[in-house]
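Following this message is one structure expressed as structure tokens.
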Amino acid sequence: MIDVGIYGATGYAGYELLRWLSRHRHARVLFTTSESQAGRSLAEVFPGPLDAPLLAPDDAPLGDADVVFLALPYGVSALVARRARDMGVRVIDLSADFRLAAPQDYQRWYNHVHPAPELLPAPYGIPELNRAALQDAALIANPGCYPTSVLLGLAPLLRAGALTDPLVIVDAKSGVSGAGRAPKQNTHFVEVSESLAPYSIGRVHRHVGEMQQEAARLSNGIEPQIIFTPHLLRINRGILSTIYIRVPPEWSEEQLRACYTEAYAREPFVRLLPAGTLATIAHTAHTNLCTLSVTLAQPGLLIAVSSIDNLVKGAAGQAIQNMNVMFGLDETEGLM
Amino acid sequence: MIDVGIYGATGYAGYELLRWLSRHRHARVLFTTSESQAGRSLAEVFPGPLDAPLLAPDDAPLGDADVVFLALPYGVSALVARRARDMGVRVIDLSADFRLAAPQDYQRWYNHVHPAPELLPAPYGIPELNRAALQDAALIANPGCYPTSVLLGLAPLLRAGALTDPLVIVDAKSGVSGAGRAPKQNTHFVEVSESLAPYSIGRVHRHVGEMQQEAARLSNGIEPQIIFTPHLLRINRGILSTIYIRVPPEWSEEQLRACYTEAYAREPFVRLLPAGTLATIAHTAHTNLCTLSVTLAQPGLLIAVSSIDNLVKGAAGQAIQNMNVMFGLDETEGLM
Amino acid sequence: MIDVGIYGATGYAGYELLRWLSRHRHARVLFTTSESQAGRSLAEVFPGPLDAPLLAPDDAPLGDADVVFLALPYGVSALVARRARDMGVRVIDLSADFRLAAPQDYQRWYNHVHPAPELLPAPYGIPELNRAALQDAALIANPGCYPTSVLLGLAPLLRAGALTDPLVIVDAKSGVSGAGRAPKQNTHFVEVSESLAPYSIGRVHRHVGEMQQEAARLSNGIEPQIIFTPHLLRINRGILSTIYIRVPPEWSEEQLRACYTEAYAREPFVRLLPAGTLATIAHTAHTNLCTLSVTLAQPGLLIAVSSIDNLVKGAAGQAIQNMNVMFGLDETEGLM
Amino acid sequence: MIDVGIYGATGYAGYELLRWLSRHRHARVLFTTSESQAGRSLAEVFPGPLDAPLLAPDDAPLGDADVVFLALPYGVSALVARRARDMGVRVIDLSADFRLAAPQDYQRWYNHVHPAPELLPAPYGIPELNRAALQDAALIANPGCYPTSVLLGLAPLLRAGALTDPLVIVDAKSGVSGAGRAPKQNTHFVEVSESLAPYSIGRVHRHVGEMQQEAARLSNGIEPQIIFTPHLLRINRGILSTIYIRVPPEWSEEQLRACYTEAYAREPFVRLLPAGTLATIAHTAHTNLCTLSVTLAQPGLLIAVSSIDNLVKGAAGQAIQNMNVMFGLDETEGLM
């Protein structure tokens, strides 16, 4: 039995971790922390299916855990990671703190000196793209929700060297839980409810750094340049990324599709949809799946559509999948 | 041409006032104020169909207005009302400050000494129920959204003395714009979006005071005792009040319906639906209408359902209707 | 291992059954049927987390199953139930066919001669209220979604003989999945999306018969008379029932609460909320829980609020809970 | 006073026409027709703010109208248009029947021989782009909702000859009212509500033909090739089109913005947003506005975002605007 600690259990990702772990046969939750709700119980904060005492982070028996999940703000997370590593406890970090391999990239995108550069680089936790590096890892950087969606949609083409133009256009739409639980004007129900709003478009969203780093690493051809347009969608969960890629005009849809089939045929959580079926957010809601569709709009232009649940494959589910890989368990354990 | 000032133009009710007044042929907006956004223009704050400079409240040329609409927090509103009245400017107050006739009732429900008791009592602005008192009024208390919906649904029976039991059960559901524009945890999109949540149930919501006062005034029989259960609905606009009333067991649905027909046959904004058609929120969205259905569930128990748009008939639209009555204009002017 | 057959796997309840059963450690799905999609696979129909071949109902190896779940239209369901029982296969029926003990009640409410009266009466499957009758049962009538929500909210008071007036007012709100998967005008997105609509109010909704039968059976005092006002809510899942009950004026909220505590203290799926916390739909979404709040609005009038997920505790989850009881398993197996 | 007839008054666009025309000072509605609801009144069909008798199309006094709006299915519309023109009545057609200038294009995109080719070509009714051709026109083809949104977002760059690559990528998202009122599986509330679904992507949606025709006409440089990816959005109204255009790398955002300023500075219904503000669907809901933002993602790639209400600027509002142009009225009459 793997003893698990969860830091930040009252945020959306932390709660989702607990929900899925309650179904895991080889892991049990040893403790849960909350900065703001310490001293209360989870069922007091939200009277749903789960309960657990909420400890102040400093009161948690960190050393007794085999692995901890950190669902904490960036900057804070790395400090807990350092303490955990000092005690020999493994870490799966859901914040952005270990996603960028170089401290200077972190500083550029997060405007903050990296709090624990000695732990860098950490393997980037998308098992479908980076499995070998995650086995027996001591620290895994759990990816951002948008990057998971985009990289799964792009990787087969990047590996195949199929890009004919560096510009890759990603028009992404995310549910509001991606913006976290703290109330803000732009997540007020009335503002979101009858709208759809793009934000941080072009090359400025923080996830661009992470996507660029991994896309460059995956590419066997020209280095992609990602144009990223996120939109805030009036939905709780789910990300749909519609990706426009220039490919060799002589490649048929079948050839392009074959890149994806080969990459994902044995993956339990990635589902390439048959020709004519397009990925939608409903496919993956409340699951750890990624569904993908690929459509040749015209010779030379492919539209890949990628759907995930931002709180599952985009956060908590992928973190558990990473734990399963880390400890050599069946990768699907607890995630069906 | 009536010169109008609007205090609090960037809240939902204030904005709605401006939208409807832009279509009014006999009124024009002289100034608009905003405490938080003073110095900007309305189109900067929200790039929609309207624009106007936003003045600090103290900078507004109050004395040049014929009438001012106050879409301000309670407590603040009464002070502006006093200044307006001192200058001879008429007032339609959308806050709660003048809805309760007795200062001690205000203190009880709002936990606050009344800031301008010398202006009490002010006529209560539901024209369909209180038209005579509003003509030529200098100050009108624009009702709360829930009370408008409930009182229009109850009044015909109260006047007919048809209650056989004081307990009237009101199960009400309101869109989120009723909670105002400031972001809070319970109006965060994710919290509202897949839920329905009752709040302040029983006899504790502040609108109970106002409903009780007016229901007692309207009743020609026993004094009703309103049990009020509001629910927060995942919708921007609209209130549906489902009202349960014990009536004489020998009264038929036709007799009960006749009370309503008589009350509202000539009212342009209240629509009694034919037998078999139930009121829904969609009927009245973006209109100044109230639709009503009455159904005899079994002998002795009537279910009245009342639908309004909380921002129109429940706030800005009714305020303009009150202005039309106040100035002797066609009551529907600007409101179709 | 229990071998399970599912009839009607492509409807919302059928799909939900499959989803939960995929996590059950002591049951496995032997076959799934679909009238309209026979010959296809489930993943072709909906490319989500599940897959299974869809058989025509007549092609299913009924005799090989230990138990079958029938998620079929009323009228059709009873005929499959008869065939199953003839072959000694146990049945959990999610349709309305076996909920009413007397065939003449079925005829009254469903306007249809009962297709298999020899199988009546079947035990009514709310384990919290009727557990003994469900153990080792050969056929269980899985209750309607509304009745589950209402009866769990009412039962403790009925048993305590606490009603002082037969009229019990139930103002219920249900998500659209309760109306089934076939597209109709009143479930068209645009019609539902910015509305809230009551329907079949008073004493006419088909679930009234079922609620009356069970409420009468549970009551140790006067026989309740339920006034039932369902509303169609712009949400996919969830039922909130707000229930108004007249109780002895001298009973305190604590006394009334004690009836509920006693009834449900050891129930894993019913959660009585602490004073001051009201039940909301979010609490129970995607769970087999029922959360309940009880509030004394004023002496003599209790407001009970009951929340369930109509597809889980209101359909598929309760059906699995019934299977667990039927086969003597831990009642929570597969349902966390 | 202009006497107006409306064919197809019970669809979403027809109803919207009536709503806006009720505020028009120089037009009055002479008759309204409905194929399916003939003989009833509008308020019986939908008990909202409007009422009018619904005539069978053949019973309408067509000859008495000055102009008719046709909110009818394609194929049907052209036949009514022919009858109107034969009687000298002007026509604004909201169907697709007159949008494509060449009958063979109609046949290609609509798979149907053109029913009234003698009336082709009709001026294409986006006043901001084609005003001169609309003045005194006898027949105007009211554009599709998507094309209106896309062409307003593209036109200034096309006219400036700013495209460096023919491929223009349009990622568009539309509210469900765009799919019409007839219930279908893909517009069932439950299917739409927690999803976002692309459909007809690439070069196959029927609106591509119309966009190509007009974009080619507007272009002073290379002919654009539009890649069009519509998505069905869980909202009633509104279209947001996110448009990716390759422009000369040496052009600054200011230069590009200047093209838009020049094009729209005097347009009452098109609002170019200041740098840093992005267009959202909320801006234009229930208005005849189009809001536009332009952002240089990096040198050589512009992202234009265009927002309209698909039922107003994308249908009924633009139709009235076209009527105003046709009859030489103030273009904003009835549309504020």
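We call the chains A, B, C and D, going by the order they appear; numbering starts again at 1 in every chain.
In the analysis below, contacts are C-beta pairs under 8 Å (C-beta built on N, C-alpha and C of every residue); 3 or more make two chains touch, one makes a residue touch a chain.
Since the model is a prediction, treat every value here as computed from it, not as a measurement.
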{"item": "Pair joined by more contacting C-beta pairs (A-D or C-D)", "value": "A-D"}
{"item": "Centroid comparison with subunit B (C-alpha atoms), farthest chain", "value": "A"}
{"item": "Inter-chain centre distance, subunit A versus subunit D - centres from mean C-alpha coordinates, in Å", "value": "39"}
{"item": "Where subunit B and subunit D are represented by their mean Cα positions, the distance between them in whole Å", "value": "36"}
{"item": "Separation of mean Cα positions, subunit D and subunit C [Å, integer]", "value": "46"}
{"item": "Residues of subunit C whose C-beta touches two or more other chains", "value": "194, 234-236, 282"}
{"item": "Interfacial residue positions of subunit B with respect to subunit D in the complex", "value": "22-23, 43-44, 46-49, 194, 271, 273-274, 277, 282-284, 286-287, 289, 291, 336"}
{"item": "Complex contacts: residues of subunit C adjacent to subunit B", "value": "167, 169, 171, 173, 191, 194-199, 201-203, 225, 227, 229, 231, 233-238, 240, 242, 244, 278-282, 285, 295-298, 301, 303, 305"}
{"item": "Complex interface listing, subunit C residues touching subunit D", "value": "12, 176-177, 181, 183-185, 187-190, 192-194, 234-236"}
